[in-house]
Structures are given as structure tokens and as C-alpha cells.
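Heads up, the next two complexes both have subunit A, just with different partners, subunit B and then subunit C.
This part shows the complex of A and B:
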């Protein structure tokens, strides 16, 4: 008996010794929101892409860590002179996680499924310019567009455009199956998702054996989990006020990166008196951005004056259009026939930038005479009342999709901004492939919405990642919703 | 008992005095806040956020630079208003129900009232309160209604139990013989004799009401910003507890001391109203 015990103890000691000698090969990554299901081609929730983009699913092209578009499953491509035909050459030896080969038929299936009439894809507009998809041979696919589209390769990099296997569709929401460096292993709903290394990966294999995504929605619990080292990495850490503590702690690294999230005071452009551009201008001048960034985000974030990411080369700094000037704001309100201000609603979703930012904005608006009735909503309520129902005056939300200025061309979008000039401009942008001309159009678009004061433009959301020191290879910025772990390792 | 005798007995009860003083402090703070607060709670002062207590801000400032003393004072208003109205709803509706049930003991009316009470009792009150505010929207008013509903059975039961024993008294018998109706007897003879009990229970329910309001505000379902509330102050301070502990300590103390004060006062009143205990000189 005692001999057996001794054996067990020495075996344990041995395991511990070898465990210490080798670099850790598993990682626990925490994030706030859990995906509702696991089909990136059939849902809008960013959490789906956070877990699966690049890790499990890949598209023809992909986002690199710096936001540039690089080859994905398509290793190279040719574009015809007229910009209408894209010939993609697929990588050799790519297999899905069930062992079947990924070829041109799968690409055709995926693209046709995404753009079909009854498609549940959340970003169908990405595929709208596709006319036909032809399989030339198993390694070559020819996509013909109905009109030139300067952002087609960019569109194909989105998580909504990843390549899926026809036989996986029935169970894709529970058992996602892609071509990535990790394969889906298990989902404990309400707690975690595990991925394991795909040993048959066609490209550079992942360095980690096992990845666990853990979902911790409560900011206090998030802080406790990191402090107790229950998690190795926390992406988009929800409580910026705790970051200085992590920075001061040698156990952790804090990486603050850019996101594509324009945080805006969305305004219902059809609800009086907000339908009056002078009133919206008055709101814009009543807002003190720096106070919001300091008060709500503890200094994290870059002021913006339009709906465009400041780190993008085509960004125009238009914050001057809406300088903090409460006196001017009061004057504008009087001009609009509302010298005593007015009353509207301010509906806030759960993130702290919205809840805290909302209280600050309410106070700033109050000082120029605009009373807001704050209501704090859960995401489901927010989507129902504000996003779908358009029953709101003001709300605060971060628009995290990359290059999403074209939402202003959709009169039925929840801002209800309807400007034919802007819509024509966006149509022209889609047709334009020349980079210089595109840049000019994008700059013009930014100026139009800034001068129309469609929304209150607050700040570009920054994303803090807290990682144990020794974790290497995490993305710093978030050019798309993704937590790409394919290059992550322990030092 | 003479009035001076009652007062002397009251002052001799240490818990009653302490409880009354604590309660008075917060009621006073709430009343004063209508006329004056050290700083405007609606004005944010971001550069001065999370400052510890000093001469300017005796209890420090919160994450928006608001003065915590002022917020605790105005928060007392919210807490007390919610609790008073909620207990009021419970008394106004619960007491007549209890009287009616006692007057018609064993009748269908009694059954309906008491089983209805059981039904409300059977649900966890906070969960129902959350449900009500989730359906009708979060606001101080809905919090009042939600907390009020759960006070009804408390008072109905208490009143019925006490009234049942009173109905067997000789003076009630005499009143019946004199031809008074059940309603008249209930209000003229029963109600005055259960008042003491109701006051004691009311004090306890009042403290529970303050806790319930704090809990609802903590989860974001009570009073909405910018109206300060102790529960939300606690919730706001949660992630900052390691950098600005005063943000959690002071609203927490306010809740603790008010609830403690009300409970001590309730205990003291019970002792005072119960002649048997008073005679042995506790």
C-alpha cells in the first residue's frame, strides 16, 4: 500500500518536473461575451468571429494583425483588366477538420450559400457584387462581378465570408468545421469553448496544443479571474480603471491596441427635434470628448470627428467641426427655436463606455438645456427597441465593423439618415477601383456626415488586452473581430 | 400609562435610542438634501474624480468627480422615499385584507385572501421585483410597486393573526351584542389594538425596503441615473474598490447604518409596547 503511494507520488513529481521543463502548450483566453452559436456565416454576433476567425475558419483572403489584406486559402489571384473577373488559386493540400479535401467546389458552395436569396448571412452586402462563381479546376475558382468592386478582396477577408464544408452545414452552429490551424473540440455553454491543434494543417502549424476560451461577463469577476491567474489572457478587458494595476504588476502585460470601433452618440435623424441639423450641431458642440474619454474609459481612446478610424490612412481629422463650445450650442438651440432646450431619450446598452459615457453626456447636455431620460438596456432590449424598433432619441454604441461608413447610405438603418448625395457617393465608391480616387471619395464621405452632424462622434474605442507576461504573438490591434491564436506561444 | 412614563421607558431602552438616532440622522440628511447639499450631484467634475476624503469633499469623490457626501444625502432621499411608499402600499392594502379575513374567519373570503397571500409569499420577492422591472422598465416607481406588493401579505397575515385573538375578547363581544357590524368593530375596536404591532413590523419592513431598493439599484433596476441611489453607488464602485475604496465604503456604511438603526428601533419599540417585557425591567 505504502509502496503504491510512493509510486504515485514519484509519478506526480515526474510529471511536474517535465511539465516545468517544457514550455506551456495550452492557454486560457477570456472574453466578455459568449457566442450565441458557432456559425460565422450565419450570425452578426462579434463573439462568433472572436473565437473562430482564423483559428477554425479561413477565407480566400484574410486580415493580418496590422489590418492589411493578405492571402488566405487563395494563395494568389489575378484580376482582369476591367476589374470584373477574379481568378483565385487555392492552396494545395488543404483539408477540412473531418479530413475531406477543401477545393473549388467548397469555395463555390460557400460563396453561393452566403449570397443566396434565403441566406442568413449577416453581411450579405459583402457578396452583392458577385455575379457568378465558377470552378475552373479543383485548385482554381473564377469569380465574376456584375460591376467593379474596389473592396472585393477586403470583403472576402471578413469572418462572414469564410469557406465552409457543405457536409458541415447541418450542425455548424454547434460543431463548426473549417480548415484552420485549430479544430473545434468542445463547448460548455455558459462557460467555455475549447479548441485543439489541427495536426493536418496545410500552413504554418499552431504552436499551442489546446486553447480554452472562457466567458466572463462581469467586470469584477474579470478582474478577479486575471488577478488569480485563472485565465492567461483577457481580450478587450472590460474595466479600464483596473489597467494601471495590471501594468504595475510584473506578472502581467497590458497591450492597448486600436480597434475599428467608432464610438458614437447615435442619433435618430427622423425624430423631432433631432431631425433638425442645427439641433444636432448644438448637441455636437455641447459634448466634451476628452471628458468622456477620461471619465468613461480612463483615458483610453482617440477623439474622432467623423465615422472613420483615425489609424486609417484616409482618415480626415474633423473634430474641429464639433469643438466643445457650450455657448455656441445654446446659441444654436435658440436659432433652432428651442431656446429652453428640449427633452429626449438616451438608451444605453451594457458596455461601460455606454453606461458611463451616457451619464457624462447627459450631464453635458443638461448644462446647455437638453434633458435626457436615461434608460439602461440589456443587449436584447437594445437591439429590439433601438436597432430594430428605432424607438429612441439618442444612444451610445461602438460600431466595430471595419470600413463601415457605408451604413450611412442606408436610410433604413437605425440612424435613419437619408441623404441622396451620400448614397450616390457610396455607389460611386463601390464602382471605383483606383486607390487615389477611392481615397478622395472616402474623405468626401467623412466630411459630409461630419458636416451633417448625423451622429455625435465621440472616440475610437481602444482594446486593452491583459496577458500573463510570457505570452507572445497576440494581436495588438483589432482590425476585425478576431482573437487569432495561431501564432501565439509561451516564452 | 402616563405619557411621561412612556417617554422615560423609551429613553431607558438603549437600542431604541440608538436606533432612533441613527434613523433620524439619515432622515435628516434626506430632508436637508432638499434644501442644501455640499455639491451639486448632477455636476460632473472629471479631473477631480476618485479623490479620497479631504476638506472639500469630506467623503471623497466618485468616478465622475461627484461629491460622495452629497450623493449619500440625495441617495437617502431615494431610499427612504422608495421604502416609505412601499411600506405604505403594504399597510394600506394589507391591513384591511387582514382585518376582513379575521372578521370572516373560515369563510370563502378568508380562504381567498390568505391563499392569495401564500401565493405571493411563495415567490422569491427579489426575483419577482426583477421581473416586474424587466417587463415594465427600470425606474424608481416600478421598484416601489415591486417592493410594495411583497409588503401586502406581511401586513395582511400579521393583522389577521392579531385580530383573530382580539375577536374573542369580551369588549368585542359586547360591541357585537350592541349590534355593531363586523366592519365597524374591525375599525373601532380591532385596528386600534393592532397599531402597536403594525408600527413595529412597519419599522422592520422599512429597513427591508431600503435593502430591497439598494439591491434593485445595484443590479440596475431601481432608480435610474442621474438620480443617485446607494445601491447604484455600490455597483459603480465595484471595479474600483482596489483604487478608490472610499467609493464603496461610504454608501455601504449608509445602507448598513440605516438598516441597523431601523432594526434597533423596531426591537426597542417591540419591547416598549409589550407590557410583559417592560415590567420585568428590560
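This part shows the complex of A and C:
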């Protein structure tokens, strides 16, 4: 560093120190789960995106804090009349963290890698409509689709669609290298990951110099870590029962936001008697959502009546279709030829919404005559028995992917709902790019699955963040699983 | 002696082979597909197949067993499915926490147990004896995770002397690292110390009633001299056996305490690996622990035989 530069830097540092009144420039953010590895394009674990999305990796488009899709590395784009060709114009002067330029070739590489035959991308379906990717010039990429896809820009905003550098692939799981405002610094496996500010960032630079993600899985330990001020922020705080104590403490702020997680009583639509819509309707009316939200989630969560996020502009409130009404429920069971109720299985994965919620639902169902045999499963068992094996009657799970109502168009999906009308509707939605028409289709889709009582719709999962007072710029809601720290600062 | 060692070596190798088969089969029959776990709900079938291929999960059971054992013989413990790093590196990393923690806890427990046990035995029936016995009873009865949480409440949340958990890392220096291991070590040491003190006391009392102690007293030694010169050394054998057992327990069995203090130790590695179906990590870590226990036992056998010729003939 030359002397002049040094002088300029120290002058800058001095003004910052006096002007900022010694504002802290590092932060410790805790979360429950540790990422298994650091490649967002090669695994489904949400923790990977939590640490890296937007902070280290960026895609062509991106999610904003309110869930809308805004330009990312592509600053603008044109869509052809037939909706088949997307021409993306990339931001100028973007470099990866190793200093090499990010250009059209990297975009082509990333998209082709994700949709390749041997790709291990957990969301490969996001790329299935891509036919070819062409590099027009270093700043321009032309993507041609095999059929129009109204959600293509949305798909490109996912963490699984971020742009990676070809030379980083061999070590990406340990040494992630993106274009983001923070660069990866260090990973002490089992304990923490540190990121540092990227001084050569192409966009608005991050305000923090250093970010440490700490992983604390035990809820009691999480409480202790916040109380002892070992951590500055705890995202998705795992013990909702402790939140009132933090709210009362002037040292902390509690921010409760919405997630994309529709928590549902998933129902095996092929298993008798659950294949009968009247029986499913009876179950829906036997459920008291508020009791579950209060009992299992300590009041956190918004009731839903369909598989759609309530904060989304196209959401339709259909909770009226499944009002709590045990008398009606018994009547419906009698109508279905089951006046004495029936017996089925209720298989619960580990999260507390499922384990605690399951006990409450079981007792609600029992009071209308439906006996459930509860079994608690680990995730791996749940995936094998319920998700893949479809060996279950009922289960409770939160579907955290954003805008995933299209899973109801997959007859082989684990709830085995097979409705040609709905499948045609989803095909139409994919082909439609006009926002008005899409909105109408989405509303219709919500209504169909609500009136078919495919699953019991319980509540939208909330995400409580506990932060030291003075931390500003955290996302309130979680439109995708991300802890975007690029705009966070200390006041 | 040579024949004895050879015989022991053969039985050691046999135990290892049997253990490896049992561990492998046990882990492999646990339901759950690692690839499905890693790729989540939206994965397509061809992606799952591609990942299974990459992980080497597609071979037959025997092929996979042989490649696992073959790898270990060459010092290669395989690559973790989820972390994609060599298992040996992961174990080494965790060992840097688990080993010091186990030694720290063992040191504390010995430092507490020896004086307490000796003191109680030498004043049998006195107030001192009764209170040591009472306290150790309590130490055995109190669940150590509860005691750990209590310490966090007092020393981390209220007094702020320690952080509530986590590991500062050896890079940060010996003092911060040891400091972050202090509360966990105390929590681990408490029940161990209680057990050890009780064993020490009863073993010492047994020895004190032996004929040779009476002979020593008859020679004119005081009670105290007899205890320190003759009884203590003889009473140590059962105590050392217990310490050996406690050490292997502390190495991998500290999982609950590791959870309370969110320490990334060996126990938590196994726990996480089991729930993520990272089978290769589970297999390798468990195998390593079995290996350690068997080798320690082997060493103890040889040591006993070296000291006591009677055992050589019997063995």
C-alpha cells in the first residue's frame, strides 16, 4: 500500500470513528442448524441459503425483503413476444471473490451445470423449461425456453440458481466463492462460519466488516446464549415460550415475521377412508387452528385455509371452508358411512410444530371419533416412510418452498392428489406471463384445493428473530430462507 | 510372555473384525436414504440417482463393506456424505475439543475424588466420612445436564464470568480455550468425581483390613503411615480401572453436555451424523472408538501381566 493511500485510509477511518461514534462493525448471528456444506446449488438444506444467499452468492434475479423479485446480477432484461426468449443484461464490473470477472460465460456455466444430466441440484425442476443458454457478449446472455414459463424470473431468484465460477466448483462445498457483498472467510465445523466484507463489491457495499454465524441447536442453550449476550441476533429462535421474556427486556428486540412455510396436516389421498372427500372435510372441520397455534406455537402463526402464503397479494382467505365445527364434522363422518369414526396413522417429523401440534390435533380428532396412532419419526425416516414410501395416513409438515402450490399438480407427490382439472390449471399458469391472468389462475388454484380438502390447512409458520436493540436492517419476513445481512448495521 | 502377547493380539484382531461387521450392518439397516435427506422434498428421481452414484451408495453391501474396511486399513476413513470432507479430518478437528475436555474433566474429578475418598476412609464413621458420603450420593444423583444449566444461569447469565457456551478455539490462545471448556468440564467431572471418591473410599477400607496392614501396624507404623505407605498403592488398582472406563466414556459420552454448551465435540458429531444419515461418519467414528477401547484394554492386559506373573499363566 502506498503512503498516500495509507494516509487516505487512515483519514477515512478517523472520520468514520468520530462520525459513527464507534458503531460496532461486526455481528454474531446465531441459528439452530449448521449447513452441511456451502454449495447452495447442490443441496436442499435451508441452512446453506441462510448463511450464503445474497451475502456471498447472487443470482440473475433475487428476492427482496418483501418477497418481490428484483434485478440481481442481471440489471435488466427483455422478454420476447412469445415468452420464449429472455435476454439478460448483466451488471458491469462484477468480479468473483478471487478477482476474476463475472461474465456471460459464468452465467451459461451455472445454468448448464444446474440442469445437466448428472446435476445434484435439489431444485432441478426450476431449470427444466430452459432449452438453450447463449452468450451474446460478455454482458449479455440469451436464455431460450422450450415452452413459456411465467415463473422463470421467480425461479432464477432461488438460492439454487445463483451464479458460480467454474474454477471454484471443485472446492465450492468448503470454499464458496460468489459475487456477493461478503466473502467467505472461515468455517469452524460444528461451531461457526465467518464472512468478511467484500471491498470490491460491484453494488452498494455492506455496512458490516465481519459477520459470524454461530450454530446452537439446543433451545435451552439458545436462550442462554442470547441472555448472556454471546450472540447479537438469533434468527428463527427455537423456543417461542421464551419470547415474552425477551420482549420485556430492554436489551432485546423481538421481530416476528412470516415465512413461506405453509404448515399442513398432509393427508394420504389414496388411503381409505381418506380418499373420500367427505371424510377429509370432516377432518378439516374437526380442527381448531387457533388452539394449535396457541398450544404448539405459543400464539405465533397465521391461520390459513389453503396452500398459499397469506402475505402474498394473490392470497385468498379460505379459512371459512374449514371452520372449527365438531358437530358438523361428526355429521359428515356419518354421511360418509363412518358414524363411529375410524383409525389412521399420524406420523410426526421432529420440528416442534409437528410434535406439539400432533398431540393437539390427535385430541381434537379423537373428540369426533377419529383415532390416530402417533409415531414420532426422524427426518430421514420421515422421508423414507412418508415422503417416498407414502406409507401414512396423516402427517404434519411445513412446506417452506415459496410459491409451491404446483406440487398439487403432481399425482405421485406424497399426498397423492390426482385432479386433472388442477393439473391443467397449473399448465396454464406456467404458460401465462400476464400478471393479471396469473393472479386469477392462482386464486382459482387456491380455491380448488381448499374445496377438495386435499390436506388440513393449519397455519403459516412464523419466524421470530431476537436481536440486540440497536441492530437495524434485518429482514422481518423470510420470503426465501435467507439471512440477508448486506444492509444490516448498528445504530 | 511372547506367547501371551501373541494370543492377546489374535483376540484383539478378531474383536476388531467382529466389531466392524456389527457396526457396518447395524448402520446399514437403519432406514433412511442419505441422498433423499440431502436433497429434500423437491428433488427429482434422476437427481437422487446421480447423487447416490457420486456418494458411492450404489454398490452391493459386500462391495461397500470391503471398500470401507480396505480404506480404513490404509488410513482412509472415507468422505462424509453431507460435509464432503474426509472423515479423518472431521474426527481430528473434533478430537481437539473432546480430548482436552475429557482430560480436563478427568483431572478435575481425580483432584476432587482422591483427597475426598482418602479423607473419608481414614476417618471412617466420623462426620467427615458421613458428609463426603452424603455429598457424593448427591453428586451421583444430580443429572449433569441440569447442573450444567444451573451453572450457565449463574456464571454466564447472571455473573457474566463465562460465555454460555461455544468453543473459543485453540487459535484464540490456551487461556480462552480452556476457559470455554471450564464449565463443561466441571459439569462432567461432578458425577465422575462422586463415583470415584466412593470407589476410592471403599477400596481403601478393604485394603486397610488386610493382614499386611496389621503386620505393618505391628511393625510400629502409625495408622496414617500404614495408609500412605502400604494401603494406598494396593487400593489404587480398582480406582485406576474405573478411571480408564471413565475416560472412554468422557471421550464420546459427553454428548448431552456438548449440547448444553454447544461444543462441537465428537459426541455431537456422531449425533448429527446419525440424524443426517451420514452413515460413513457414524461407522468410522464408532469404529475408531471401539478400536481405542480394545487397544486400551489390550495395553492394560499386557501391563497387568508384566506386573503380575500369575496372570501370564492364566491368560
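Keep this in mind: the second predicted complex is superposed on the first by the 470 of 491 C-alpha atoms of A that agree within 3 Å, B and C clash if a C-alpha of one lies under 4 Å from a C-alpha of the other, contacts with A are read in each partner's own complex, and residues count from 1 in each chain.
Heads up, the rule we're going with is that a residue touches a chain if its C-beta (ideal position, glycine included) is under 8 Å from a C-beta of that chain, and two chains touch if they have at least 3 such contacts.
Note that this is a predicted model, so its numbers are computed, not measured.
S.K.: Clash or fit: how do subunit B and subunit C relate after the overlay on subunit A?
M.R.: Once subunit A is superposed (C-alpha atoms), there is room for both subunit B and subunit C without a clash.
S.K.: In the overlaid three-chain picture, which partner chain does A:420 touch, first (subunit B) or second (subunit C), both, or neither?
M.R.: Neither partner.
S.K.: Quick one: is A:366 in contact with subunit B, with subunit C, with both, or with neither? Answer first, second, both or neither.
M.R.: Touch partner of A:366: subunit B, not subunit C.
S.K.: For A:375, select first, second, both or neither according to whether it touches subunit B, subunit C, the two together, or no partner.
M.R.: In the superposed model, A:375 contacts subunit B only, not subunit C.
S.K.: Could you look at A:313 and tell me whether it touches subunit B, subunit C, both or neither (first, second, both, neither)?
M.R.: The answer is neither, since A:313 touches no partner chain.
S.K.: Would you mind checking which one, subunit B or subunit C, touches more residues on subunit A?
M.R.: Residues of subunit A touched, subunit B against subunit C: more for C.
S.K.: According to the stated criteria, A:291 is in contact with first (subunit B), second (subunit C), both, or neither; which is it?
M.R.: First partner only.
S.K.: Touching A:250 in the superposition: subunit B (first), subunit C (second), both, neither?
M.R.: In the superposition, A:250 contacts neither subunit B nor subunit C.
S.K.: One more residue to check, A:220. First (subunit B), second (subunit C), both or neither?
M.R.: A:220: touches subunit B and subunit C.
S.K.: Touch test for A:124: subunit B only (first), subunit C only (second), both, or neither?
M.R.: A:124 sits against subunit C, while subunit B stays out of touch.
S.K.: Between subunit B and subunit C, what minimal C-alpha to C-alpha distance in angstrom results from the superposition?
M.R.: Shortest inter-chain C-alpha distance (subunit B to subunit C): 6 Å.
S.K.: Residue by residue on subunit A, keep only those touching subunit B in one complex and subunit C in the other, then list them.
M.R.: Shared contact residues on subunit A (touching subunit B in one complex, subunit C in the other): 220.
S.K.: Contact residues on subunit A for subunit B in the complex?
M.R.: Those residues of subunit A that touch subunit B are 219-220, 223, 239, 241-242, 244-245, 291, 294-295, 356, 358-360, 362-363, 366, 374-376.
S.K.: Which bits of subunit C are touching subunit A when the two form their complex?
M.R.: Those in contact with subunit A are residues 31-34, 36-44, 46-47, 50-51, 53-54, 82-85, 90, 93-94, 149, 152-153, 156-157, 160, 163-167, 169, 259-265, 268-269, 272, 275-277.
S.K.: List the residues on subunit B that touch subunit A in their complex, please.
M.R.: 42-44, 46-47, 49, 63-65, 137-138, 220, 224-226, 238-240, 242-243
S.K.: Any idea which subunit A residues touch subunit C in the complex?
M.R.: 34, 36-37, 43-45, 117-125, 173-174, 188-192, 214-218, 220-221, 224-225, 227-228, 230, 378-381, 383-385, 387-388, 399, 401, 404, 407
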